[in-house]
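Next, two complexes with chain A in common: one pairs it with chain B, the other with chain C.
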Partner chain A sequence: MLAFLGRRLIAAMIVMVAFSFVVFFLVQLPPGDFADVWAASRAAQGDTVTPDEVENIREAFGLNRPFVVQYADWMFSLLQGDLGFSFEFQKPVAHVLAERLPLTLAISFAALVIIYLVGVPLGIYSAVRQHKMVDYSATFIGYFGLATPNFLLALILVYLAQRWFGLSAGGIFSPEYLGQPWSWGKFWDMLSHLVIPVLVLGSAGTAAQVRTMRATMLDELSKPYVRAALATGKSPWQVILKYPTRVAIIPIVSTLGWELTLVISGAPIVGIVLSLPDMGPVFLQSLIGQDMALAGVILLIYYLLVVIGTLISDLLLFWLDPRIRMGVESK
Partner chain B sequence: MTAAADLSRRQLAWRAFRSNRLAFLSLCLLVLLVFVSLFAEFFAPYTPQERNRAYTDGAPMGITFTNADGGLSLAPMVIARVTERDPDTLRRVTVADPGARWPIAFFARGESYSWFGLFESDIHFFGVGDGGYLHLFGTDRLGRDIFSRTLYAFRTSLSIGLASVVAAFVLGITVGGIAGYLGGIVDAAIMRVIEFLQSIPTLPLWLTVAAAVPREWTALQIYLVMTLILAMIGWTTLARRVRSRIIAMHSDEHVLAARLGGNRPVRVFRKHMLPAFTGYLIVDLTLAFSTIVLAETALSFLGLGLREPVVSLGVLMLPAQSIAAIILTPWYLIPGFFVVIVVLLLNFIGDGVRDAADPSSY
Partner chain C sequence: MDPIIDISGLTLALDKSRSLPSLVDRLSLSIGPGETLGLVGESGSGKSLTSLAIMGLLPKAIGATAGSILFRSERAGAVDLVRLNDRRMRKLRGREIGMIFQEPMSAFSLVHKVGEQVAEPLVLHHGLSRKAAVAEAAHLLDRVGVREAGRAVERYPFEFSGGMLQRAMIARAVACTPRLIIADEPTTALDVTVQAQVLDLLAEVQREVGAAMLFITHDLAVASKVADRLAVLKNGRLVEEGPTRQTLNAPRHDYTKALIAALPRRASQTVAPASEADILTISDLSVSYRESSGFSRRRALKKVLSDVSLAIRRGTVTALVGESGSGKTTLARAALGLIRSTGQVTMVAADGSRFDVGTLTGKGLRAYWRRAQMVFQNPYASLNPWQTIEETLVEPQLQHGLASTAKARDTAVEMLERCGLEAGMMKRFPHAFSGGQRQRIAIARALVVGPELLFCDEPLSSLDVSSQARIIALLKSLRRDLNLSVLLITHDLAVTSALCSDVAVMREGQIIEYGPSDEIFDRPRDPYTRRLIAAAPKLELT
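So, the complex of A and B:
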């Protein structure tokens, strides 16, 4: 078990290093560097900037060193907790993110919980009651869930929430609670504002899980061992939940890492559309302003979440699937 | 009906596809949509940049078959609009005038256009006569007709999707083919890279790449770069599919025979392996196509993809980013439903092809 964990951890570290390399490459991608940006902003204020001054800045910040050296330097300061300075917000990156990261985490996690809590039971139910009402409606909704872009769904829900429920969608608080101290009312208000982002973020994933669960479950249900178990006279649902479900759920667990990737991939856009105070809008703003120090760190955080998710799904699989456990332990 | 034995594989597959009603209907609908958007200049009543200053941010106008006096008529009409001053705020407002109708004319004259520079005309499929206007999906802030713009945008979105899918296809087949055919270290290395790419959250990554595109580039340059970026999103699944099929077929007798016959690897691949899994590839292609259309819409919607004056479905929805805009002018969202429709149709077609390509279904 420990050896397995160790190997997985090492693999995760290697992937993370590869990720950081890609991110740093992207951070460096836009033409021009900080010295050019600085010169442009000075020029915009009416100052004259000599090429020598630009060169001095470049020297002072080490911008003329080779790519690999700059990368090592960047990684080193990241590991020391220095995330850099955001030009766009005129604050250290760590300050910009500290207030926003928790919300991103909460929404992504809630979406994942919804995906599995709704997707798996619905998939099982559709498979058991194949060609019945619930099955057809789940399939139908599933097609739409996969075909609707997240942001469009968010916009539609915002519109409906406003029209029918009078909810002030967008942001996480209603205007009357802004700047108020915490209270039950405010907490409740916040929860009601988080329903839409979580639903939107979870929709495509839920649809995919229902599809996978239904397909694998249908495969399992037709196997002889299920019939044998049913023949013992146990109640059908007991049999279904105890035997085929355990087998059918394995592909679901093993793709948990991917699912997390999808959720993280969709998170920024939902945050932007619903103007949540999470990392999404900051990410977009940093990209549009080509503030790559901030964008790079955000990208790195997204990737870190994915790597952690994959690690968790590996461990879950180890616990769930005896074949993997045996395979590892017999080595 | 001819016996199954007399038909070629392709005819059998086509027959199986035809018998799947949903898939066949989807294909017909998609062909129709593509046809209409291909001739967008003709089918759209307005050109994409034409502005109607009397009806800015106007709501969609419905078609009616009732006369002003309540009688039914066979010819379609729209209820006329009049512009007047609001008695309280003195702002100009446009309201429906139930007492008047603008009849819809077919093959009406409007703004002149040129279809890909091939021929010029000013005849549109439909329109209303002088003095009137017709905006089926409403207008945007500048008074441009959203229906017409949607037709043009549909064409752009599909064309960039198609270009990206072709690029992804070439890339996927080449890389997957090399990995599968050569095997060994090359295969292992390529597969690690693909797994790495697939584990990356794609949207943030390509957003970052798109943000790095210089602002002063022309629309055409951005279009080409976007094609490449979108192709990068779709090629990995194709490469994996090609590779796994080739490995599965490596030891097949017909492949061995082709190799012993002295064919070069590229020919063996193209003539003796590729035809055997074209069906699966088409399925993957339709799926990749729909992912790419969704990605393009998302990128453009965020302002990091295509930009005005190019109109794509995502570009059209760009003004719908603010919540106030959605509440006041919900018709900005209409182009989004075309994205949903295209993706749905592609999924249905993909499912149909999958079944049709499976020999056990004949």
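So, the complex of A and C:
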């Protein structure tokens, strides 16, 4: 078990290093660099920019060095804990992240929890009550959740929330709490504003998990071991939750790694629509502005989350399925 | 003595369509304490439905429309299982009625420990703690002959052999000393020698707990070995019932007579002329895998086949018999060039062309496969459910570039009819056919490319007696009419003696005895062959 974990951790680190290279390459890929973007924005404001000035900026930020040198420099400072300086926001990347990252992660993880807490039980229930009312409703809502673009869903929910619950649109605080010190009232206000983004981000994922769980569960329910377990006198629900569920949940667990990515990459557009101060808008802006330091770190964080998600799913599979466990241990 | 279970006038039907014929029609049976009733019939005759009705586990769409199942419960007195509510029914399941299922590998959850699953009824009905129940399960496993029971409870089903797992299933069924044991084809999935052991064990366990037993099987030979009385079921109706010997010696109903007649019987061999040359020569064939074994968890080079030599004469059926894991299928796959092997496999076609299978690649292999084809064990799995029969039969011909589509269709129809099916069935999908029909389609598919050599891997093991009899007759006629040479892989000695002129007995990757069928059956030299022949269930008529 420990050897397995150790091997996985080493592999994860290698993957992260490879990712960092790809990230650096991707962000640098579009023609031009930050100096060009800076010059263009100055020119747009009516200032005249001389080529010398642009060259000076390049020199100052080290943008004219060879690609590999820039990458090595970036990696080296990252490893020392220096995330770099964001040209776009004119402050250290660490500060930008400190403002934005906690909210983003809170929303994404809350959405993830909803996806599994609702998706899995509803999938099981749908399978057991196949062709009954709950099954049909879940199927209908599922298609609705999958097919509706989530920014549209966000707009609809914002409208409904305002209409029925008097919630202010967008942001994470109602106007009366803006600039106020923290209090229980402010905390509750924030939570109530987070319901919509979490629902929006979770809808498609939940629908997908319901479909997957229902399909794999239906396969398992028809297997002879279910009937054999019933023959021992266990009640149907006891049997269902103990035996077929453990097998049916395997495909869900093995996709845990990328479910997190789906949620996070859905976040920017929703964040923009709901004008949330999360990472979404910042990420978009950093990419447009070719702000390597910020965009690179954000991308790396996303990749890191995927790697962690996959690691967790591997460990869960290891625990769930003895066939995998023994396959691993016999190697 | 009062019977433990008394079924009278039981009628089972699809709930919503009372117009359709009943699935089980006015069935009446009873079994006394310590008695074994053999319920025999072909697949679809209603045997399994009857057992599920007793357990109260019928599929949702099927219900009892008439009749009663009176069960003399130890705790609840006489109850009618048809009308018992689910909560009270659950108190009987696993406690007073234990059930043994057909396929041990699929009747256990593969991701839960065997001990935990065997202990289930003890936790439920005797209120044992999980730990105490598993300890008791170890004791039970020991009693049914599972080796190292203390460690076996901590293992998973896929680490067990089929026979060992069926023993565990028996342990689970009798854990609470039930008054009625239902065994639904408990040995169909097992090898002959294992089958014999499991049947003995069942009888012993039944004696020990003094239970009544309902033994469901399609195999009359097995039934004759275990049952005190026989009940013959056809299309949901009881056609004959009586003491086993009497029923088998003097069957009154035509259907029973037909079932007995369908049992494979030893044929006097019409041996092909000895002058005929060998079509396939295998010499010193070896195959090995690098494999991790389940228990020791060490990787070792495992020799699955070691230095096997064998020759198949043109126009004969040669049997390859042995228990599962003895290397029969590996031999066929190596001979077809599907897996890597060392040694020599040479096939000489009728037109004189030679194929050295070990050296063939790409085109050469394809040319070989036109002359050597394979029929697989499970016709439910080997036919593509999304292809019509026509597509299934035309595709291989186009693959081999043998004919235009129109001509390929004609060949397909011809082979289908030769295999006893009708041209009108070409447009249907496999699910419209029974197991026996599917196996004919699979044989037709192998034949459409005009092979001279056919490898048949357990083609009969998933079929019931009368389907088996028809396939045996088909293979015989194909051999005669098309001068086909067949290597028949089987664990069923009765089939072997009915069909094959030569027999090779395999054990642990080696051929231990090889010769003409008559000689092997009359004067087996190797003790293992003798054991195999002794273990095969025979119709016991004394």
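Criterion: the second predicted complex is superposed on the first by the 297 of 331 C-alpha atoms of A that agree within 3 Å, B and C clash if a C-alpha of one lies under 4 Å from a C-alpha of the other, contacts with A are read in each partner's own complex, and residues count from 1 in each chain.
By our rule, contacts are C-beta pairs under 8 Å (C-beta built on N, C-alpha and C of every residue); 3 or more make two chains touch, one makes a residue touch a chain.
Just so we're clear, the structure is a prediction, and the values are computed from it rather than from any experiment.
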Partner chain in contact with A:Phe283 - chain B first, chain C second, else both or neither: first
Partner touching more residues of chain A, whether chain B or chain C: B
Touching partner for A:Ile312 - first (chain B), second (chain C), both, neither: neither
Which superposed partner A:Lys234 touches (first chain B, second chain C, both, neither): second
Which superposed partner A:Ile269 touches (first chain B, second chain C, both, neither): first
First (chain B), second (chain C), both or neither touched by A:Val195: neither
Partner chain(s) touched by A:Met16 [first = chain B, second = chain C, both, neither]: neither
Chain B and chain C contact sites that coincide on chain A, given as residue numbers: none
For the chain A and chain B complex, residues of the former touching the latter: 15, 18-19, 22, 26, 29-31, 143-144, 146-152, 155-156, 158-159, 162, 169-170, 257-258, 261-262, 264-266, 268-269, 272-275, 283-284, 287-288, 290, 295, 298-299, 302-303, 306, 310
Footprint of chain A on chain C - complex, ascending: 55, 57, 90-95, 98-99, 101-103, 106-113, 117, 120-121, 124-125, 156, 158-159, 169, 172-173, 292, 294, 297, 299
Interfacial residue positions of chain B with respect to chain A in the complex: 196, 198-205, 207-212, 214, 290, 294, 297-298, 301-304, 317, 320-321, 323, 326-327, 330, 333, 336-337, 339-340, 343-344, 347-348
Chain A residues within the chain C interface of the complex: 223-225, 227-235, 242-244, 246-247, 320-323, 326, 329-331
